[in-house]
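Next, two complexes with chain A in common: one pairs it with chain B, the other with chain C.
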Partner chain A sequence: MESFLEIFDIYLLEAVVNGILLGGLLALLALGLNLIFGVIDVTWICYAELVMIGMYGMYFLVQYYGVSYFLAAPVAIVLVAILGAALHYLVIAPLLSGPPINQLLATGGVLFVLQSFATVAFGIDFRNLGIRLPVLAFADMHFSYSRLLAFGAALIGMVVVYLFMTRTYTGTAIRAIAQDRQIMALMGVDTKKIYLITSAVGGALAGLAACLLVLQYDVHPFVGLSFGPITFLICVLGGLGNFVGGFVAAFVFAEIISLGGLFSDLEWGYVLAFGFFIIMMFIRPGGLLARRS
Partner chain B sequence: MLELKSLDAGYGSFQALFGINLDVKAGEAVGVIGPNGAGKTTLMRVISGLIRPTRGTIAMEAADVVATPAHLIVGLGIAHVPENRRLFPRLTVEDNLKMGAFMPKARAKFAERLEFVFDLFPRMKERRNQMAGTMSGGEQQMCAIGRALMSDPKLLLLDEPSAGLAPVVVQQVFELVKRIRSGGLTVLIVEQNVQQVLKVVDRAYLLEAGTIRASGTAAEMLASDTVKQAYLGV
Partner chain C sequence: MNQRYAWPIAVAALIALPFVYRDPYHLHILILILIWSFAYTSWSLMGRFGLVSLGHGGFMGVGAYVTALLWNHLGLSPWIGIPIALVSAGALALVVAYPCFRFRITGHYFALVTLALSGIVLQVITATRDYTGGSLGYTPERTKGNNIVALQFDDKIVWYLIALAVWLAGLLIWHVVDRSMSRYAMEAISEDEDAAAAAGVNVTFEKLRITVISALMTALAGALYCQYQMFISPDTVSGIAVSLQMVFAVVVGGIYVALGPTVGAIITLLLAEFLRIFFGTKAVGWDNLVYGVLLVLFIIFLPKGILGSILERVKVGPAKAPVVKKPA
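After this line comes the complex of A and B, so read on.
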């Protein structure tokens, strides 16, 4: 009986730690989507598809052109950043004065365009980097290096964005624009340019997520479906556009998935997480950290 | 310094200003008075580029304001303190001031301007890390004026600085306008508080239904029957 408890606790601890590791990655994904929503007031339905394109970018750079992982990563991040800026310039900007539903439908359209493009261009095969990172064994627990690396890099990415948003003029303007866009011209701020920069930053975050996800998951044209919806739910749970709320919600979600998976199948973890989401929508429809208005 | 000639402006099909001619000379303080809905705020917005005129010209020193993109007008030396202050409520006082110095030219002088604003408003220095939206109305007005001063302007546009403030605070705001003037800054101020504003300006225009009905020195305006009957209640 005693030994059973000991083993059980180790598994519990391992699941908690894995939940935290997953939470970091989900928080990174949520930050990008929240940034776009909070600043431009547009939801990029196709956010996870930008990540998918970034994962393909990593795959081709590493497997096809033999570029090392750490050299390929910045290239992929810049690529998806440009894609984010292009998405804003070509699709969102012309629709900004239109009804919000049009913007939503347009980015939904981009989702299918990117999925179909990937299917035609890359086929439906599951592909991976062929990199097998070792597993860290620590006090009878096992953590994969790919998850630890992803967690560390996601945290660094978020800290960099935080410093950018709080220390630079452009970052301060991005926060200001979310609060009062009409008077930005009085400050000498070109809102169009700030939107483009914000979209590029959102894209760069998707690119960073792509570099980290591709270590753990195979890439295929529909890979966005496996983390797009959950990213969106995390943002809603945290309160759309609320960066801190999204961060907290990502870890709450990740722990539910990880701990739920411990007690039965991993799939049940997702069922619990989505069930929790629905209940929370009744209790706190404005999000976990809803602003008092 | 600033010259408006036969200026028309409005919102969509609604015309708010009709053939406005107005000028402000360097070092002057000029007031625009008039009832609610006369087009005073529209006048300020059209000068700073928030709305563009449908006809007429605006010249700031040698520059054509109408031809300048809205976000570059502050670079011509025009700083606008908008109606209702319009601070960024969830940014700190210091970040609000930082936004006022967004232009590259102003960024270079940030430390110097910040010191200037903190000298003018020691209260802002105490509150520099506080969210702007949590301050009192008078403090928010100081912050809004401070934000405009961060761009090192030549001309300060003040839109109803006394609106919504307690009488004691209104006094302080007008005192402040006097102090800013004495520093050599040119001021164009829109006010409904006619009696107070005529004490601090050199000249004033009376705006009614989008047209200028009267203009003159502050003393002339105070003596004018039109102004007296309509706004001073004598």
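After this line comes the complex of A and C, so read on.
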């Protein structure tokens, strides 16, 4: 009995740590989406599909053209950043004055386009980089290096975005627009340009997430569906546009999934997380960190 | 005068159709169009008032799976199973929607909360794979031939008539809502909730009523689809993809007109069949690619949908006749 408890605790600890590692990645995904929402007031339903395209980009660069991983990563990030800017320019910009729900639905259409484009162009096979990073064994617990790397890179990415937002002129303008959309145009800020830059930064974050996810998961056209919905829920739970809230919510969600997966199947971890989300919406509809009015 | 006779004639023609023309493949497409039209109509019932739900895939999944599970595991006839499935979907809608409306979760937030609902239903179906077959899909047990108790018919004509009746009922419900006080209340709510509440509209109740009606209809569509196809999988009747598919068809057809969702269903299903026939297995993905591009183009250039825009043209067009409402 005692030995059983010991093993159990090790598993529990391992799950907790893995949850934190997963949380870093989810926080990165949530940050990109939150940035777009906070500044442009649009939800990119197709955000996870941008990540999927980035993952394919990495796959082809590394497997097909034999580029090394660390050279391919910046290329993939730039690729998805351009894709993000194009999405804004082609789809969102013409709809900015329309009802907000139309923007949401239009990006839903883009989701279909990207998913089926991947199906048509790359087929429905599962593909992976074929890079197998070693597993770190520490006190009877096992963590894969790819997760540790992803966690570290995600944190660095978030710090870079934080510095960009607080230390540069453009970053300051982005934050100002998030606070008041109308007045900044009068203050001489080119709103269109800022929106485009924000979309590109959001895309770049999706690209970074793609580079990290591709280390852990196989790529297929529907891979976006496995983490896309979770990302939206994290953003809503943290309060759409609230960066800190999204960060906290990412770790809360990751722990629920990881611990729920420990006690039962991984799907039940997701079910628990979804259920938790719906309950939290009723308790704190404005997000985890929102002040009650 | 034309309007008054157009409907009965059209309905009579639709009823007579399978007795005159009985190509099983075309009949099959028609049945699918009718069932999906009904589902899309039920979505548009809410969607036209700005209540954009991405959770309808969930309701449809509940309708289909509860009916099939009760039949296979407990031997309950769909005649009892479908009402139970409807009650489950209605209860689910209440549980999710009541707090949403009570706490004023609207717009993006409502869409995302209902998205979570789709996600939950999909994950539960996948997680309980010992009972539901998971992502491999599920088949209700077959009986021999036509069996009224099992609601299984070999004859496509029977299914055609059932689907036609349900579709007409859906249009009737749409019409009743369109003519009711509820419609004005809902329009006021979608403009400004506080002002509507101040004017004496019970905001929560009105929204809840339309949501539950819509959820019940969607669940019925799911159950019918299951009984007709005799095969359901999480991908075809539940989840986010199905929810988005509903939104897409309704937006393309026209969200504010009664036959809009039907036009949407006709276009989407015919497009899918067309691509499937002409490109064969190479077409995997092409239909969704075309859908997606169309959806984006429609939202940008034609937000009222095909039928909505045509009807608007016709109305604004030559010599606008004064609309005289006849007393009923």
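Convention: the second predicted complex is superposed on the first by the 287 of 293 C-alpha atoms of A that agree within 3 Å, B and C clash if a C-alpha of one lies under 4 Å from a C-alpha of the other, contacts with A are read in each partner's own complex, and residues count from 1 in each chain.
Note that in this section contacts are C-beta pairs under 8 Å (C-beta built on N, C-alpha and C of every residue); 3 or more make two chains touch, one makes a residue touch a chain.
Quantities reported herein were computed from a predicted structural model and do not represent experimental measurements.
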Checklist entry - Just chain B (first), just chain C (second), both, or neither: which does A:165 touch? => result neither
Checklist entry - Thinking of the overlay built on chain A, is A:176 touched by chain B (first), by chain C (second), by both, or by neither? => result first
Checklist entry - Comparing chain C with chain B, which touches more residues belonging to chain A? => result C
Checklist entry - With the two structures laid over each other on chain A, which partner does A:67 touch: chain B (first), chain C (second), both, or neither? => result neither
Checklist entry - Does chain B (first) or chain C (second) touch A:86, or do both, or does neither? => result neither
Item to check | Touched partner set for A:278, first chain B, second chain C, both or neither | outcome: second
Item to check | chain C - residues contacting chain A, complex | outcome: 50, 52, 96, 99-100, 103-105, 107-109, 111-113, 115-120, 123-124, 126-127, 239-241, 244, 247-248, 251, 284-289, 291-296, 299-300, 303
Checklist outcome for this item: Given the complex, residues on chain B that touch chain A span 48-50, 69-75, 79-80, 82, 86, 88-91, 95, 98-100, 102-103, 106-107, 147, 151
Checklist outcome for this item: Listed in rising order, the residues of chain A that touch chain B in the complex are 169, 172-173, 175-176, 179-180, 182-191
Item to check | Contact set on chain A toward chain C in their complex | outcome: 43, 91, 94-95, 98-102, 104-106, 108-120, 124, 221, 225, 229, 232-233, 236, 240, 265, 267-268, 270-271, 274-275, 277-278, 281-282, 285
